[in-house]
Each structure stands twice: as C-alpha cells, then as structure tokens.
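As written, the chain order gives the labels A, B, C, D and E, with residue 1 at the start of each chain.
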Amino acid sequence: MAISQRMARAILLAPAGLWYAVLLVLPLIVVLVYSFGERGAAGGYAPAFTLAQYANLGARWTALQNTLLLAPAGTLAALLIAYPLAYFLALRVTARWRTTLLVLVIVPFWTSILIRSYAWIFLLGGRGIPQLLSDLGLGDLRLINTPFAVLVGIVYGYLPLMVFPIYVSLEKLDRRLLEAAGDLGAPPWRSFVQITLPLSLPGVATGSMLVFILLMGEYLIPQMLGGGKVFFVGNALVDLFLQSRNWAFGSALAVTLVAIMLVTVTLYMRFLKRIGAARDDVGLM
Amino acid sequence: MRLYAFVVYAFLYLPIGIIALFSFSAGRNASQMQGFSTQWYGRALSNPFVLDALQTSALIALSSAVLASIVGTLAALALSGMKGRLRTLFDALIYIAVMIPGIVIGIATLIALVTVFDAVNPWLEGATGWRLSMGAGSLIAAHGLFTMSLVIILVRARIEGMDRALLEASADLGAGPLATFRQVTLPLLAPAILAGFLLSFTFSFDDFIIAFFVAGSETTLPIYIFSSIRRGVTPEINAIGTMVMAVSLLMLVIAQITLRRGEKPNPQ
Amino acid sequence: MTEATGHHTVGASESIAEFVNTSKRFGAVLAADSLNLRIRKGEFLSFLGPSGCGKTTALRMLAGFETPTEGTILIDGRELASEPAYRRPVNMVFQHYALFPHMTVAENVAYGLRQRRPKLPRAEIAGRVAKALDTVRLGDFGPRRIWQMSGGQQQRVALARAIVNEPKILLLDEPMAALDAKLRAEMQMELLSLQRSLGITFILVTHDQQEALSMSDRICIMGKGRIMQIGTPRELYDTPANRYVADFVGRANILPARVRATTGGRAEVELADGLRVEVTAPFVAPAGAAVEVAIRPEALRLALAPEPGVPAIAARVTHMTFYGEHIEYLLAHPVLGALQVMLPRQAERALPGADVGVMLHVLWDAGAGLILGQD
Amino acid sequence: MTEATGHHTVGASESIAEFVNTSKRFGAVLAADSLNLRIRKGEFLSFLGPSGCGKTTALRMLAGFETPTEGTILIDGRELASEPAYRRPVNMVFQHYALFPHMTVAENVAYGLRQRRPKLPRAEIAGRVAKALDTVRLGDFGPRRIWQMSGGQQQRVALARAIVNEPKILLLDEPMAALDAKLRAEMQMELLSLQRSLGITFILVTHDQQEALSMSDRICIMGKGRIMQIGTPRELYDTPANRYVADFVGRANILPARVRATTGGRAEVELADGLRVEVTAPFVAPAGAAVEVAIRPEALRLALAPEPGVPAIAARVTHMTFYGEHIEYLLAHPVLGALQVMLPRQAERALPGADVGVMLHVLWDAGAGLILGQD
Amino acid sequence: RPGPALAGDIGDRVILATWPNYHDAANFDLFRDQTGAAVQVNVFGSNEEMLAKLQAGGSGWDLFVPTNYTITTYVEADLIEPLDLSKLPNYDAAAFEARFAEAGTVGGKLYAVPKNWGTTGMAWDSGKAKAPFTSWKEFFDVTRTDFSGRTIVHDYQLTTIGSALKYFGYSFNSVDPAELAEAEKLLIEVKPHLFAITSDYQPPMRNGDAWLTMCWTGEGKQLNRDLPEIQFALGKEGGEIWSDYYAIPKNAPHRDAAYALLNFLIDPQVNAREALAHGFPVADARVNAQLPAELLNDPILHPAAELLNALEFGAAATLTDPNRAELMARFKSA
C-alpha cells in the first residue's frame, strides 16, 4: 500500500519533473555556463572560462539602474492607484455592481499589451494629451519617450494585477471588525489606518510582488513608450541576443538579473513574514 | 471615491477606446482618425497572415494551457500532503519558475534547446530522418513552464482547502479511490483547474517576449503585431485588437452565464 | 447567577437609555416597529426572540451602527439617534467576537483606550489592560495572538476589550452562540458575576430562553420587530401576556376554553371536553367568552387514579422521554389532543407501571394555568 | 422519543458489531484503549464523553477510516479490521454533513446507490432516492443545490444520503452540534422516530448528555480513550459506576463519607459533619472505609425546618437561579462546602421567604444518593 | 511568361522571412493557386536579428531577405547555400545592374538574387527647419540646438553609427576603434537631444512629434507623398546605399518550395506588381520596363548620380564587428 502510493506519486510528478528539468534546470545551467564564455567571432558563443563578462557588467549599469529604480517606482505607483480602487470595489460598491466592475478591470487585459501600449504612444504623443494640455494653455509638455511615459505604461499595464489581490484581501475583511473599531471609539479614518490597512497587507504584498517580478524583466513597455531611450535590463538582454549577438555577455547579464531577483524577492518575503503580512495568500505567488 | 473610480476606469479604457475608434478610420495610419470605414476589419479578416498568426497563437495557447492544466494538476495532486526533500525541491522549482522573468526564460530556453538540438540532431536525423527544431513545440513547452507552475499553485491551494471529510463521505458511500477521484475530487478541483487554464491561456496568448525567442519559424499574433508596429501600423492592427477583445468579452459573458447556472456565487 | 441581586436594581426608574417610538425599516422589512423601552441603570436586560425578530437591529441602533428610520434613542438623557458609534458611551461584544486578528490579546484590549483624545499615558493604558485581563481571568495571555486562543478564551478577550472602556452600557449580541454547552454554561456564570461586580448595565441579545431566564433582571420578548412583553423572568414565565410569549418562554399546553365565571384573579373555564377547571385570570374575561388557556407541563400532575376534588383528564401515554432529573410524558386525549406533562424524577415512583399505552389521569390543580390575552 | 421502545430490543444478545480489545494509537496519544463493546442489532447506542476522549476515533474505526492498532472489529460476525471503508455495510452522517457541494440534493442522495456494481437500474435509484427524501421530509427538494438548504435541511440531506443505502449500522458523529437549540431538539425527535421506523442500528457520537439521555437505548460513556460505563440511561443516571460517570451524566453533589454498615443494597454512611444518612450501595463496602457519596440535586429536598426522622443539613443559600420549570439553589455549608439543590417550581411555594442569605434545611431521604466505585 | 509548371511535389507550404510591407499579398495567393504551397511570412526589423535567428538555428525559414553586406557572413558561417540555377529559370543575370547584384555572388558562386535597392538619408519637416538639410553634420548639429528633442535615429547600428561616422567624414563602414570612439562620443552627446532611437519613425514624423529622422528611400517617398512639407535628402558627405537579396538558408525545411517561390517572385511581371505595391526601386531591368515613368524618375527614389556616387554599400565587417555592436548597445543603454 505504502509503496504503491509512492509509485503513484512518482508517476504523477514525472511529467512536471521532466518539464522542470528540461526547461528550467537545463536552461539555467546552460546560461550559467555560457556566462563564463566569450562572444563567437560572428556573434553567438565561444567556449572559454573567463570572468570578463561579469567584469564588463558596468557597461549596462544604466540599464540596471533604470530597472532597479523604475521597477519599484512603477510598483509603488501601481499600488497607490490600485489601492483606492480595490477599496472602492470591495467596500463601497453594492454586490450587484461589484462583479461587473471587477470584470471591467480585467477586460483590458484581453487586448494585447502591444496594441494598448501602441495606443499610449498616440495618447502621450504630440497629438494626444500634450496637445490637449497646450490647448488649455498649460504649456508645451513632452511626454512620450520619457521615463514618465514608461511609468504610465507600466502602471497601466499592471494595474489589474495589483487591484485583484488587494481586492481579494479587502473583500475578505470582516466588516464587523470595522464596526468593532468604531464601537471602541475609532473614527473612520483611524479604523482604516489601524484595521483595514494592516489586514489588507497580504493582498498588497501579493500584488506588489507580482508586479515587481514582472517589471524586473520588462522589455515591451520601455521599448515602445521609451522610444529606445529608456532602457531596462530586459531591453539590454534582447539587444545582446538579437543585435550584438553577444551570448556570453547576455548570459552573464541574465544570471545577474536572476540573482538580483532571487535576493530581493526572498528578502521581501522574509520581511513580509516578519511583519506578519504573509499569512495566507502571499504564498500564492 | 466614486469620482476616483471613474477616473481610474477612464484611464483603463481610454487607450482601448482609442484603439476601437481608430479601427474605424478610413485612413492608412493607425494613430489618426480619418473618416469612417469598416474596411480594416475586412482587410484583417482576409489577411492570411493575420489569420495564420491568430490561429497559431490560439493553437499554442490552447495546447500549452491544456498541457499545463493536466501536468500541473497531476503534480499538485502528488505534492499536496507530501513532505520531505522531493517536496522541498519542487517548491523551489515552482518558486523559481514563477519568479524568473519571461525574458530570461526565453533566452535561456533558446540557447539551451539550440545546444541540445545541435547535439542530438545529427544522430536523430541519421536514425529517423527527423530533426528537432524551434517552433510550436518549444514555445508550448516554454510557456508551459510558467503556466504549469501557476496551475500547481492554484490547484494545490484548492486541494489543501478541500474538506477531507468529503473524500471520506465518498468512500463511506461505497466509492473506491478512483471513483472518488472522478466523482468528487476532480469536480471540486474543477474551478481551480479552470482558473489555471484560463490564466495559462491568457498568458500564452498575450506573451510576446518568450515567443520572440523561442517560436522558431512560428509567427504568433503578438509577434506579428510587434513586427508590424516596428514599421508603421495600419488600423488593421486596431481592428484585430478590437476583435480579439470583443471575442474575449463575449466568451467571458458566456462563461459567466454558464458558470452562474446553478453554481454558487463564488465566495472568493 | 444570584437571582436575588436582581432586586438590588434600586431606584428602578433611574433610566440609562431609552427607545422612544424607535423604528427601523430595511427596504420592505420593518425590522424594528416603534420600540418603546426604558433601560434601567445597572440592570441586566435581555432581548429574547426567534431569529429575524429584530433583536440585533435594536442593539445596533443603540450602538450606533444603524440610524433609526423613525423615533429616537436617548442615552443618559441625551438624544443620540444620529451620533456615530465611535462617540457613544456604549461598547459591544460581537457575536463572533470580531477580534482584530493582527493584534495580540493585549493590543486588542488596549484598542479602545488608545482611541481616547487627549491620549492616555501608556502606563495607565497598560495598567487598565492588565486589570481587565485579570478580570476575565486571562492575566497571562496578553502577548498571545488571537488565533492561539480557544473559543471560550476569545470570548473573554472580547469581553475584556469592551469592559476596559468602562462603558455606560455593555451590549452583547449572542456572545455565547458559538460555544459548546458546557463552556456556555460556564461563561454565563462568569458574565453574570462580572455584571454584578462591575455594576454596568448589560444588554444581552439571545434566542436561548434558558439563558435569558437564568441571567436577566428583565427580559424583553420580541417578535416580528415588536416588543411583545417586558418583565422579570418570573413575570414572563408565570403570566405571559399572550400566546406568543407563553409559547416562546418555557413550554406550554395551550387549550381552547370557554369562560364560565371570573372572580378575584381566578376564573372557572370549561375545556373542550366539558371539564371545568379553575385557572388564573390576569384580566376579567366576560362569561361565555372563548379564550385560550395555557398550562405549563410541570404544573400538571399525573396519577393512576383521579383524586377527589381535583379535575382530571384521562389520557393515554404515547411517549416517555427520560431527561435525568425529570421525565417528560406525552399523552393523547381524543378531544383535547396532545398533552405534555413534566414529572420530577421522584414523582415517577408514585406511578408504578406507567408506560406507553397506559391510561393515566392528568390532574389540574385549582389556579394552575392562566387565560391568555391576544397577541 | 418513546423510552418504552428501548425495551423492544429483543434478543438483546443478537449483536451486529463488536469491538474486541480494539486500540488505536496516534503517535504518543492512545485515542482508543482496548475497547470491548458488543453493539446490538436495532439498538440506538450513544458514545458520550468530553472532547478528545476518543468517541470519533471509535466511530471512525467502525466506518473504516482508521485501522485499529491492536485488537479487531467484527461487523455481522465478519472480521473487518482491514476492510476499506467503501466495502463496509455501514454509513455515516458526518459532523458538518460533508455534502458534495457540486451536486444537487438528489445527486447527493443517489451517490451511494450509483456506486453499486452491478449497476442499479436508473428508475430504481430514482425511486429509492425519492423515498429517502420523503422519509426526511424533503420530497420536493431534490433538484436544489446544497447551498440553497438551511442547516437543518442539510442535516436531513446527510441523513437521507446515508439511509438510502440501507446500511446495517448508521453512524452519526455529532450530527446536531452545528444546529441551534430549537432546531436541534426538533431534529433529535425526528432522528429517533426515523430509527424506530427503519429498525437500523444507530450509533451516535455526542458530548451533550441531554441528547444522549433522551435518545439512547444504551449509552457508552467514554473517558481518556477508555469505556467508563455502558448501560441504559436510567442505569447510568441512577447508578453511575464511578465519580467520572456521576459527574458527567447529570449533575451531582459528591461528598466524602465513611461507611458505618452495609446491608442489602443499602449502607449507612457518616458525612464529614457527622450526619448519618442512608444511601444506596451497589456493592458491599467494608465498614469504616472512606468512600465518596453522590447525590443528585433533585434528590435533595429543602425545608424551612427539619423533618423528624429525616437527616437534614442546615446550610445558607448563596445563589438562586430561575430556570422556569425548576429553580436551582446553591447553598454553603461550613464543612461540606457547596451544595446544589434543584427544586421543582411547585415546591417553591412551600418555602416562603427562602432567599439568598437565608438558612435552610437540606433533607436527605433514606436511600437517596449512592456510594461511588473507583474510576 | 508564366513560370514553368511545377508539377513536382513541393509540399503545401513555404516560409518566407522578410521585411514588413515588402510584398504584394495577392502574389502569394497566386503562388498558392499555382503550386498548392501556401506562403507563411515572418516579418523582421534588422539584419542583426535575422542573423541572430539563423545563428540560433532552427529558424525554420525557407527563403529570406538579407541585405547586401551580410551575405558573405552567412556564407562564411555556412548558413546559406549556393543557388541551383537550374531551378530558377526566371533568373537572368544580365538583367541586373551590377552594383546591386554583385554582393549575391561569393567565391564565384551565386548565393543570393537581388530584390530591391535603396538609400538611407534624412527626412525633415521643412516647416520647422530654417534651411534644407544637406549633410550629416547639419543633422547632428541642428539636433543639439534647434531640433533638440525632435530628432530620431535608427535603432540599427549600421545607419546610426555610419551616419555619425560621416559627421566626422570617416567611412560609413569604419571599424577603426579611434574613429568609432569619436562616433560614440557624438552619439552619447546627442542622445539627450533625441526624440527616440527607433526604426519606426513614420508615426512621430507624421503627427509632428518629431521633425527630423534618418530615413530609408521608400519611406521617405511615402512621407513626402502624404505630407509634402516633409522632405528627403541624402547627406552630401555620403551615406548608405543598399540592396536586398533573396537567399535560401541551409537546411531549409521546404527547399523545393523555396526555389519555386523564389523563381516565382523574380518573374518580372510578378516582381513589377510587387514594386507597385511597396514602391522601392528595383534593380531588374525587365521589371523597370514595366513600371510607370514617374516612378523611375522620382528624385527621392532615384537621386542624382553625384549624390549616389558618394554613397557606400554596407561592409560585411560592420555586421560582425563586436565593437560596433557593443557601441550601439552602450549608446542605447546610456
């Protein structure tokens, strides 16, 4: 009985295990090996063992810096915009409208992010919002191809991912807790700060982590809204593999990015556990 | 509060409105409104490349979502309630798979598979006349890596939240382990599996960056759109986007209606 | 538990809160229908009634979570109908406690004190929290997390969190509904002695009549949003104003009867089978009037043979249920229908051979039972 | 509810299931400690005991969800200790019902029948499901979803789902714990009449002694994994084997005493204050032995003055609690400590002026109370 | 002259990797009708990307469109194969102007057949400019002054670095480290003044966000056609002239179909339809004979000879030179 159960487990796990081995472990090993190699004569990879690629990482410092600056900034901006909306949906909308409004938050997701970002190129471009502002006499503003445009694109693209987990944790919030706080003498804003906010932290944590992870590897939005001027590590990677064709250096950069993420995300999780936000649904992502 | 929500919704829908609006432009430029026409819908629908890309995307998304759902569910079943080193190993793999940026997955998969294929192909071709190459298969596999992990996470959470008494009740009423799995476990996991499937499909359908590296000669819709955008877009792209959204909305509505019939209003 | 202490609600008219024609409407539902009620300082008052009768609504209006649609509410003489909850001098123990899960036990208890402006000194807060925790016998549990506490302990935390604020009125919405029988009995006892020692007015919502009867100074019976009767447990039990109350508080055999004569609080009535019995008459009912007569199962006696001078109904035993200290007999009478009789365990000895199927005599002592008023 | 029908468990030795030296160990916890118990065909047996005493474990071993660590279990004479649950002729009603949320009421009820091989004809399944639903008075609810049913209705569905399979034994693990008091009383009544009409053996797990007393033919009192006493409700109530049982079933005043003489089932004992009373002695206790004497609160009487020839304890009333049909007095005696006395409501009339602080006489009739054995 | 009936079994599909808006879809339908093989088109934005994909292997392409200077690299890396002329009856070497065709032959073997040619110049909004642009020097100087924030350079090392080199008068194709260092300095200095680094320059030019851009002939023509105030010119210092070719990768999965398609596409009639659809100049005299005169005389598409003579074809070295690649990457990520 016990043995057959182990067998069954092994059989059930085999496909996933194989998948991970071939498509996760093997690629990561290859990338790691390549990162110690050299660029081939006509591009690509040539075997070697050198730390030159890592030594050269400084050449992509700006990209790393942009990523490490704009990813948290984008996460924060998305959070600040998403929270009130999630709050509104969870606590201020009647059940009848809630589903509809929630679905309306996801629907944009069903249009290719490429096309939506393209729409932003228009909106932030000279004929879009700046024109509107200058018609209103608010001066000549250039938005497109700036870090600001990238930030807008990021917030826009990932807002639903932030709204949802926060909504879920706010919706789970037992409203009697708010009544209890009121009963004990806390005026509404204080019960928000002391009860609602702390109890929605798991959602905040999940959403932030999700958005942060995706932002760290972002390529499309800076590519489209940054006009090639606002460069993320992702853009540098694509360039290294498709333009400069320097696989060794690309691998080193990829390894560096993964290492940074492993460290930051793990530290973040630790931190969440410490402040007690990682109660249940953080594990989800 | 209401006003704020309104502004955020406007923010969310402004670009989409623009897309839809410009899709009816009569002009050639995708970011300008010049007259009204529905010609771009006709063009998109008769453009074999668009249709091919759409079909490829749908096929790849469907296959990878189906595979991820099945393999992920099996793994979740095995992993729930499991302890020990193997569990730790899988937890780590899932964690890493979910966390690694798509771009790294794309690149790493590309160079790893190319290396493997180069090593294997001479032998394989000699033996069978077949060659391995990048294409739909490698893309499905690469998408599956992330989406399978997602399915595992979702389904495992559901299993762990499931009332064990239900399984005992089933046994008590005379159903053997397989019958219990088929009649109780599976239906109860269905919402999580479905959610995983839909997420997987969406992810795969919308993914650009992994496909960009791994798709080989296949052109998915995002790749098609991306390369179109690079050299001047026509409202055809807007028409495609609008149609894809309309179709997904329709599916969403249908899904809502079918799910609503009889199902408990989801407590989550 | 001390029934006698009920008497020490001195100055019975010194009221601490008052419902004045208070109504609350939720859409089509009239959840509270012109309530008029004066709550006395220091008393233990219960709202008792079936599910959905408006008990919680009444309590929530007092706490300030609902605004009355009509009428008003006075607390300590001040009109408070539109005062928000966080400014009212009342505190509540919620049904499922509503403890803050992200705070420790001590933090939960300190919560109300920390809301005070001007701020209280830390040391004072700590001192009062410790004292409150001691009061509920959780002195050592301050640093614990809520989810580390059992159901009964959580209940005590909720209590401490409320009483630490020294409210004028403590509201309790079915605070023991989630506890199992043994724990519930224990907590009832503690709650009562707490109320006696603190001297705070307690208002308890419950649908458990045993709980209401054993704990309250006064009980307010509610039904369909209205107050059906207010009185001490004995008043309600002995002289229910109407069928609704008679049926809800304790058990009762309710029989149709016709009045023959009323004299000095007593009436002679004729039951459907022609038997004449003497019952209590809280009001004068005209001779010949059709009325309903209620008699408690334990007010009836059973005998193998009729006693001279005592009206007796001959009926056949259909069920006997053993409850330990007493035994319940269900008997069937061709005209009067089913009759419940409750015998103390000791009385059983006087009924050798009494078993299902046996014919017994149900004895109706003079003055037992009473005539009910209309609902 | 018919206590008398308890007697019709004819051929009391015809056993349907049997625990033989059955033990179950979870790590360090001995959840069941060599149980020996013969369950009779058609009887209503309850497992009664406090939380964690092993009731559920015993039931689950019978159902096949746990395998005994030692000993075995026979069902209908066959040794079934290692038979999987899905092949046993028993069915269970789970504590929280464990209804399948993705099926309708009818589908839930049909579930067991649909597992049969060879398959039953559809029409037969439908017919039996309809009949089972009728039995639990849910005839029209077949197409409903589980979450559309109230707690009490869900309980009935769980019942129908089990009985439709016509099991040899129906197991019920605290099936009424989640129901409120009123609904619980109603369901107890229905469950009992169902058992009587189906004639199936019912085994009920409960920690509610009222429930066990009023429903069971026999009760198996458990404590710390062991069986403490098995017997009819009356046996347990009247002659608890030990302090554990006396304390758990009903309430009891337990007093230390010294035996003076034992004769023919009676013993004269001397209480700590020197008072000599005559009690029931289920076994012969040597003169001079220190024993514990238990007496039920309702077996004691209260009087303003001692009665000649009846031993009386003079004690002061500390609490009086009104419960409607009876009143509980708590009295304090300087030597014997706290005494509980339960008076029927009627007896109160004989005690004018009895109130907290008043000195009363607790009368101990000859033969009331009994000497307890060791645990 | 219809192509020879390809009765043989060429399969049901052929995969073509090409540049966007570079074909007439009707021709592919015709091809499918004639041969039964459907054409699947992959679209690309740069030669580096094509090379990267082919280098990575498993591209799955049957036919692709490299630019002149890349062909030797493909040959050296053994990524393309010599063409079997017996399968290309429509190929007539004599019909092609030599300078647009010679890159197709490496080591005496024909590897690639010319498709279209063109130049890389600059397009600007004449309404914003004080004077017409005539040189790359002006291009970069005005960018740092009047046109700050309004200029676009390509996301393409060849033209962007090449034009910067031209600013100093160096060869468009230079790989000299010192010269490249100067070019990099210029680019990095200019970067803050750029509107974007992108090869998708038409939309911002059309909507007025950008006033000046590096520009390929055909697109310069398109812009000028639609918005006459946008003008196109070549730098007088020189710049790029290019020629695109068809080539067949090694291991093409559907080789027969690739030949069939190539042969079909270089059929003059078919090719003329292509040119009418996309508008780029053609090197095949047989095709030009069928095109309207106004197209052949257009000053943007066919600039004056002295301007043309100053231009350079891209050099193979620029494609593989690690320094140029890295320079471009540093410029973008700066």
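We take it that a residue touches a chain if its C-beta (ideal position, glycine included) is under 8 Å from a C-beta of that chain, and two chains touch if they have at least 3 such contacts.
This is a predicted model, so every value here is computed, not measured.
Engineer: What's the fewest number of moves from chain D to chain E, given that each move must go to a chain touching the current one?
Structural biologist: Between chain D and chain E, the shortest chain-hopping route counts 2.
Engineer: Can you name the chains that touch chain A as well as chain D?
Structural biologist: Intersection of chain A and chain D contact lists gives B, C.
Engineer: Count the C-beta pairs in contact for B-E and for A-B, then report the pair with the higher count.
Structural biologist: Most C-beta pairs in contact, of the two: A-B.
Engineer: What is the chain whose Cα centre is as far as it gets from that of chain D?
Structural biologist: Farthest from chain D by mean C-alpha position: E.
Engineer: I'd like to verify one number: the distance from the centre of chain B to the centre of chain C, where each centre is the average of its C-alpha atoms, in whole angstrom.
Structural biologist: 59
Engineer: Could you put a whole-Å number on the gap between the CA centroids of chain B and chain D?
Structural biologist: 57
Engineer: What's the distance between the Cα centroids of chain A and chain E, rounded to whole Å?
Structural biologist: Each chain reduced to its C-alpha mean, chain A and chain E end up 37 Å apart.
Engineer: Averaging only over C-alpha atoms, locate the centres of chain C and chain D and give their separation in whole Å.
Structural biologist: Using C-alpha averages as centres, the distance is 27 Å.
Engineer: Residues of chain A that contact two or more other chains, please.
Structural biologist: 121-122, 125, 127, 241
Engineer: What parts of chain D, by residue number, touch at least two of the other chains?
Structural biologist: Residues of chain D touching two or more partner chains: there are none.
Engineer: Mind pulling the chain E residues that touch 2 or more other chains?
Structural biologist: Correct list: 56, 203, 207.
Engineer: Touching pairs of chains, all of them, please.
Structural biologist: Here the touching chain pairs work out to A-B, A-C, A-E, B-D, B-E, C-D.
Engineer: Provide the residue numbers of chain A that touch chain C in the complex, in ascending order.
Structural biologist: 174, 176-177, 179-188, 190-191, 194-195, 198-199, 276
Engineer: Okay, in this complex, where on chain A does chain E touch?
Structural biologist: These residues of chain A touch chain E: 39, 41-44, 59-60, 62-63, 121-122, 125-127, 142, 144-145, 227-229, 231, 235-236, 239-246.
Engineer: Under the touch definition given earlier, write down the residues of chain B that touch chain E in their complex.
Structural biologist: Listed in rising order, the residues of chain B that touch chain E are 29-32, 47-49, 52, 110-111, 113-114, 117-118, 131-135, 216-219, 224, 227-233.
Engineer: In their complex, what parts of chain C are in touch with chain A?
Structural biologist: 63-65, 84-87, 90-92, 94, 96, 98-102, 111-112, 115-116, 161-162, 165
Engineer: Would you mind writing out the residues of chain B in touch with chain A in their complex?
Structural biologist: Contact set of chain B toward chain A: 1-2, 4-5, 8-9, 11-16, 18-19, 22, 30-32, 71-72, 74-75, 77-79, 82, 86, 90, 93, 96-105, 107-113, 115-116, 141-142, 144-145, 148, 152-154, 157, 202, 206, 208-209, 212-213, 221-222, 225-226, 229, 233, 237-238, 240-242, 244-245, 248-249, 252, 256, 268.
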